[in-house]
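Chain IDs A, B, C and D follow the sequence of writing; residue 1 opens each chain.
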Amino acid sequence: MNSIISAFSKGIEKSGIDRKKISMPSDVPFTPDVVKALGVDYFQIPRGRAIAFGTGLKLGNPSLRVVPVAGDLMTLGGNHFVHGARRNMELLIICVNSFVYKKIAGKPIPSTQSAFSPYSTFEEPFNFPHLGNSCGAIYTARWTALHTEELADSVAEALHKHGLSVIEVLAPGPNYYTDIDSIELELLKFYHENSTIKNNEDPKNVAIVPDEKIIVGKFTDKERPTFIDSYNVQHSKILGDKFTPHGGKNG
Amino acid sequence: MKADPKGVLTGSHTLTGNHACAEGAFAAGCRFLGLYPIVPSLEISERFLERAPEVGATFIQMEDEVSVLAAVLGASWTGKKSMTVTSGPGLSLMMEHLGLGIMLETPCVIVDIQRVGPALGMPGRPAQGDMMQARWGSHGDYEIIALSPSSPQEMFDYTIKAFNLSERYRIPVALMSDAYVAHLQEKVVIPPAEEIEIEPRRYYKGAKDKYLPFKRDKDFVPRMVNIGDGYKFHVTGLTHDDRGYPVMNEECQEYNVHPLVWKVRNYVDEIIEVQEAETEDAEVIIISYGATSRAALKAMEQARKSGVKVGSLRLVTVWPFPEKRVAELAKKVKAFVVPEMNFGQVVLEVERCSYGDTNTFFVSHGENGVENTDDLLSAIKQAVQADKVESGIIEFNKGV
Amino acid sequence: MKASPTDVLTGIYYIDGDVAAGYGALAAGCKLVAGYPITPSTEAFEAMCRRGPQVGTVFIQMEDEFGSISAVLGAVWSGVKSMTITSGPGYSLMMESIGFGAMLETPFVLLNIQRGGPSTGVPTKTGQADMMQSRWGSHGDYELIAISPDSPQEMFDYTIKAFNLAEKYRCPVMIMSDECVGHMTEKVVIPEADKIEIEPRRFYKGPPEEYLPFSPDPDLVPKIAKAGDGLGLYITGRVHDERGYPVKNEEFKAKYVRRLVDKIRLNKDKIIELKEESTDDADVVVVSYGISSRVAVKGVEIARQKGIKVGTLRLVTVWPFPDEKIIDLAKKVKAFVVPEINYGQIVFDVARCCHGQANVVLIPHGGAGVHNPLDISDAIESAAKEDKKIEGVVEFKTRLEKIVFERGLKIKE
Amino acid sequence: MKAKETKMKEIHSAPSKKGEIHPMENLLRMDRMPHIWCPSCGIGLAVTAFASALEKANMDPNMVSIVSGIGCTGRVAGYVKLDSFHTTHGRPIAFGTGIRVANPKIKVVVFSGDGDLIAIGGNHFIHAARRNIDMLVVCVNNFIYAMTGGQVAPTTPLAAYATTSPYGCVEPPFNIPYIADSSGAVYVARWTTLHVRRLINSLAEALQKKGFSVVEVISPCGMYYSRINKLGDGLDMMKFYHDNVEIRHGEDTKNLDIGFQTKIICGKFVDRERPSYMERYNQWLSGVKGGSRDEG
């Protein structure tokens, strides 16, 4: 997790965006020190509601740059994610996808599958970038906790995108519910041996499948009008002078 | 009916409250668990999953708590006894489907291992802040049954009782435990299967074309059938008549919803279980439930030793509230002392049911440890000294 | 502070309660409304969608009720006033986030147009069965404020009041209206902006490094900040100290969560608004709120014609509950009669505060309609005649109950 | 108005002539007719198509359970003579998941609307598709929340009017087949209520499919969507479908966006095999039971 935070911090630095203007709603319990070091506004909110909360922040004050960092993104927050992407709310979502080792019925399951289901690991995980892309996200990327440089670049790049961007980070992150055994090293080694960078790959093909290499990289980078843009355009068109555009482009 | 031996792990074990709860569920015949992981209820689902294959039970981990209870209700209609386990935040998300369970009169058990709230509170720390929520948390009118165990053995026993009550009254039953009892490890004796009494589901047995899913029998409970038995029934969350068809007018609302309340209110004597200790000659009675009962009983003994006549009334069923018994006792004693790990919930009911006959002292318990009796003893002291009946709850204050 | 003239649609209108509440929110300076369609509250959201863009209020229809309330909370922390609108089932879904809002001491307003429940119930008809839910629906200990208006004009007035209370005490405020009031069309007078008093947000104005988001003022309410001001906010839904940092010890729960509860309990006198009439020499007092209080007027009138001394007490703020008022009255009167469109909720609190000194009669109603005034007058009459003290809540057997359960329900074929 | 209503009632409740039985009587609840849907609504067509498909697919009606949510289409469960559940808003898929997992012999059909399944139920939709729960989801898409009076839905095309988008919809709509496909559905098709025969075939095929199948049925809403957007009545909408629908089987789901009164592409887009949830579950179970229990 630490590597992600420092990469995130580096990304902000690179992007040149004022840290004060960055808000980070998250269901990951960051410690006060980390938040202070990042210099952003942090909200720890109920599980899964980071995107919806971020939507409110952004609409209330369009000059904010909202970065939901989510651990529970696809479980409780799945709906907010797909709809946020459809609306193209201006958010940068960092989804920390932690691999969890968990035993079921005495059977150890190296769950290269999914953090979304630490128990029923016989389920297939989401192909996250593909889902994001199909719902309308304008920027999708995936990195592991090892790819700190790339991750920082990605963050810097995505912070300047107008629309919903999503970066999936595979990491031995803080699982919200369970204690994990110390697996960091083992996993990092696993990443090192099992990941391959393929930029601009069709997100359709980047599902994480056991025994195959994990594909990382930047997959989507396109432009679409954001929610606030189309809100302004449509209402100006119909209402004319009676309507004062909201916020303006990215504040 | 006796329990199915397949699910009963007869013997004497050392189990945590959570594990005992899972064993209780198996013994009661629970064969479906809907889950979404949340501290501090994890161990129940872990135990359940671990033993599910040998018992022949099914489970599913859903995407959120909302869908968990929906799935549990669906599973219950297939004829499998079903339950879910959760904690405060999860229970809040289940509120909508609690209402659906009430309206469809679907038997199921919701185990709530309470933690400190509101919001995220303190995951893993015990509290009793969801008691009122269990009673009032869903919209609309309903009555519910809630049990509160105070030890791992009781987690086992009352999980079975919860299933039995839910089958008997066709109602979701909440087992309101807390993180303290859930993580407490004690001896749990699981009796042989033939000694465990199980309430079978009340099935409809008449002609297929005459089945009415919400026609109340003499015992006030409509008879159930399973999906796939060929009855082709219809049920809806809308206000409905006996056939389960929506009819949206005042009369039908009365016809449909009033019995949902009566179903419990008319049977309170059968449902309610309280445990009394030394109440005959008591001057002060401690009314407690769940983990606080442990401190209450201790405090009672200590107070007796120092010469104060203290009794204890333990609410095993917190909902429906034992109004009658509390009112009777109120006439005999000088004061009630109510310790709760919250800022005043069930104490309001105690105040209501004492009808001005006695003082009600409230102790916000648990700050110095769940089994610590200091606050309770001082409150008892204060209670004995009080010479007139005050209007309103007297909140015991440590003088902070 | 006065309302901004651009937000106030001054004039005399003939509109329904939902729309009036929407206009009230705009007048109070609500700058973001997030909603999700649900009968019978949709009209309020629609009204704000129509008028909103013209006064600079953003609207967004979220994907579900979780989304709408979360967006509202987010908007408040970005510095604007915000509200959401829903009804029973949606309200149940919002429970987790309401508790979260209370924990973060987030000032927002929630308009709940109640309908018949439980579950889907009767979506198009009235009910008052979410009253207890508004107080107890989320897990853990918290207190909040609930207001129950009884006419479209009050929907307008009390929506503004709700915003003011929310800002003043930094807590969620529920407007617990019902379908009858929501869909009742009446004259609504919207005054000029300079006649509308608005409570400004209690923003922190000191040096950034000294800011403590949860350090209370003498009235136990802390100053609020907003995101993007460079204060380095650390806000969490866990139990937190003055700095907002999570704490892990039960002792702190007593210290910090306690204040959330006390801030309402100790300011009760300033929050509670009641409408009391002829209670001084009354034998029977009718306690009611929302639409039931309008129906009760007729019942009281009939009872008075029969020579019974009846007083009325209308709970405008239902939560916090006016314990002291009921305790005082209980010493003077013979009985309380409580008509509510549910099978007993607020009546239990009335009974609690009576301490056995007066009888308490509940006139239940399942919803999908309002009381028959004759039931109310009959209940008043029998309560006035009753000389014995009766323990517990007496449930009055209504005409409707007799019709349904004695004659049997006519199922439409 | 009143006279018309009673007239309609008379027509619907007239005793059938001797020996005359409604062909769907064993699958529809005739005692609940007349139904609540407005004239020109397409949901009725979808329901009869579904009933025909049940016959065509030779399903045992006792072993099929239908679950609906809230909304106009949410009422379908009440008119189909199967074990039928009318549940809460957005949750029919979750409810159906419970049924299917607890009793894998039951074929679950979720019949609901776009607002129910894709807006509030979006999360359950994508997760059930990911798990590949054996169920058929029939999503009737009328581009609007009709039951509550015409609010904007996540399927409402850009710039179309609705009561909560009084100045035109500002959000781009979902492409339902695309999202179903990308979350893992094994069968995805789209038809309009004009294509009854194709719809029946498609539904019959999907019923026999193992796994999460989605059939989107585009239906006219004469009362709200058409009225607010001035698109004429049901017949006009049908004509519009006739003129503007293009059938392209196997089209890449990413090209299936629907704009305001633009071309609609129909057809069967996805038909593939993936192990279903129960298959994976049983595989896991046999691993646990079958002696390969590893205590490590």
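In the analysis below, contacts are C-beta pairs under 8 Å (C-beta built on N, C-alpha and C of every residue); 3 or more make two chains touch, one makes a residue touch a chain.
None of these values were measured; they are calculated from a predicted model.
Chemist: In this assembly, which chains make contact with chain A and also with chain D?
Modeler: B, C
Chemist: Determine the centre-to-centre distance between chain C and chain D, using the mean Cα coordinates as centres, and give it in whole Å.
Modeler: That pair's centroid distance is 38 Å.
Chemist: Counting in whole Å, what is the centre-to-centre distance of chain B and chain C, each centre being its mean C-alpha position?
Modeler: So the centroids are 28 Å from each other.
Chemist: Distance between chain A and chain B based on Cα centroids, please, to the nearest Å.
Modeler: 39
Chemist: Residues of chain D that touch two or more other chains: which are they?
Modeler: Chain D, residues with two or more chain partners: 86, 88, 119-120, 122-123, 127, 154, 167, 281, 288.
Chemist: Quick check on chain B: which residues sit in contact with 2+ other chains?
Modeler: Within chain B, residues 53, 60, 63-64, 66, 89, 96, 99-100, 104, 119-120, 236-238 contact more than one other chain.
Chemist: Of all the residues in chain C, which ones touch at least 2 other chains?
Modeler: 53, 63-64, 89, 96, 100, 119-120, 236-238
Chemist: So what shape is it, when you link every pair of chains that touch: line, ring, star, complete or other?
Modeler: If you draw each chain as a dot and join those that touch, every dot ends up joined to every other.
Chemist: Quick one: which bits of chain C touch chain D in the complex? Just the residue numbers, please.
Modeler: The touching residues are 35-39, 42, 45-46, 49-50, 53, 59, 61, 63-65, 89, 119-120, 413.
Chemist: Taking the complex as given, what residues does chain A use to touch chain C?
Modeler: Spelled out, the residues of chain A in touch with chain C are 20-21, 23, 25, 29, 32, 35-36, 39-46, 48-49, 52-61, 63-64, 79-80, 82-83, 227, 231, 235, 239, 242-244, 246.
Chemist: Quick one: which bits of chain B touch chain C in the complex? Just the residue numbers, please.
Modeler: Against chain C, chain B makes touches at 66, 88-89, 91-93, 95-96, 98-100, 102-104, 114, 116-123, 125, 127, 129-130, 132-133, 135-142, 236-239, 241-243, 247-258, 260-261, 323, 327, 342-345, 348-349, 351-357, 364, 366-369, 389, 391-392.
Chemist: Spell out the part of chain C that touches chain A in their complex, as residue ranges.
Modeler: 31-32, 34, 53-54, 56, 58, 60, 62-64, 66-68, 70-80, 82, 96-97, 100, 226-238, 243, 245-246
Chemist: Enumerate the contact residues on chain A facing chain B in the complex.
Modeler: 44, 46-48, 74-76, 78, 104-106, 116-120, 177-178
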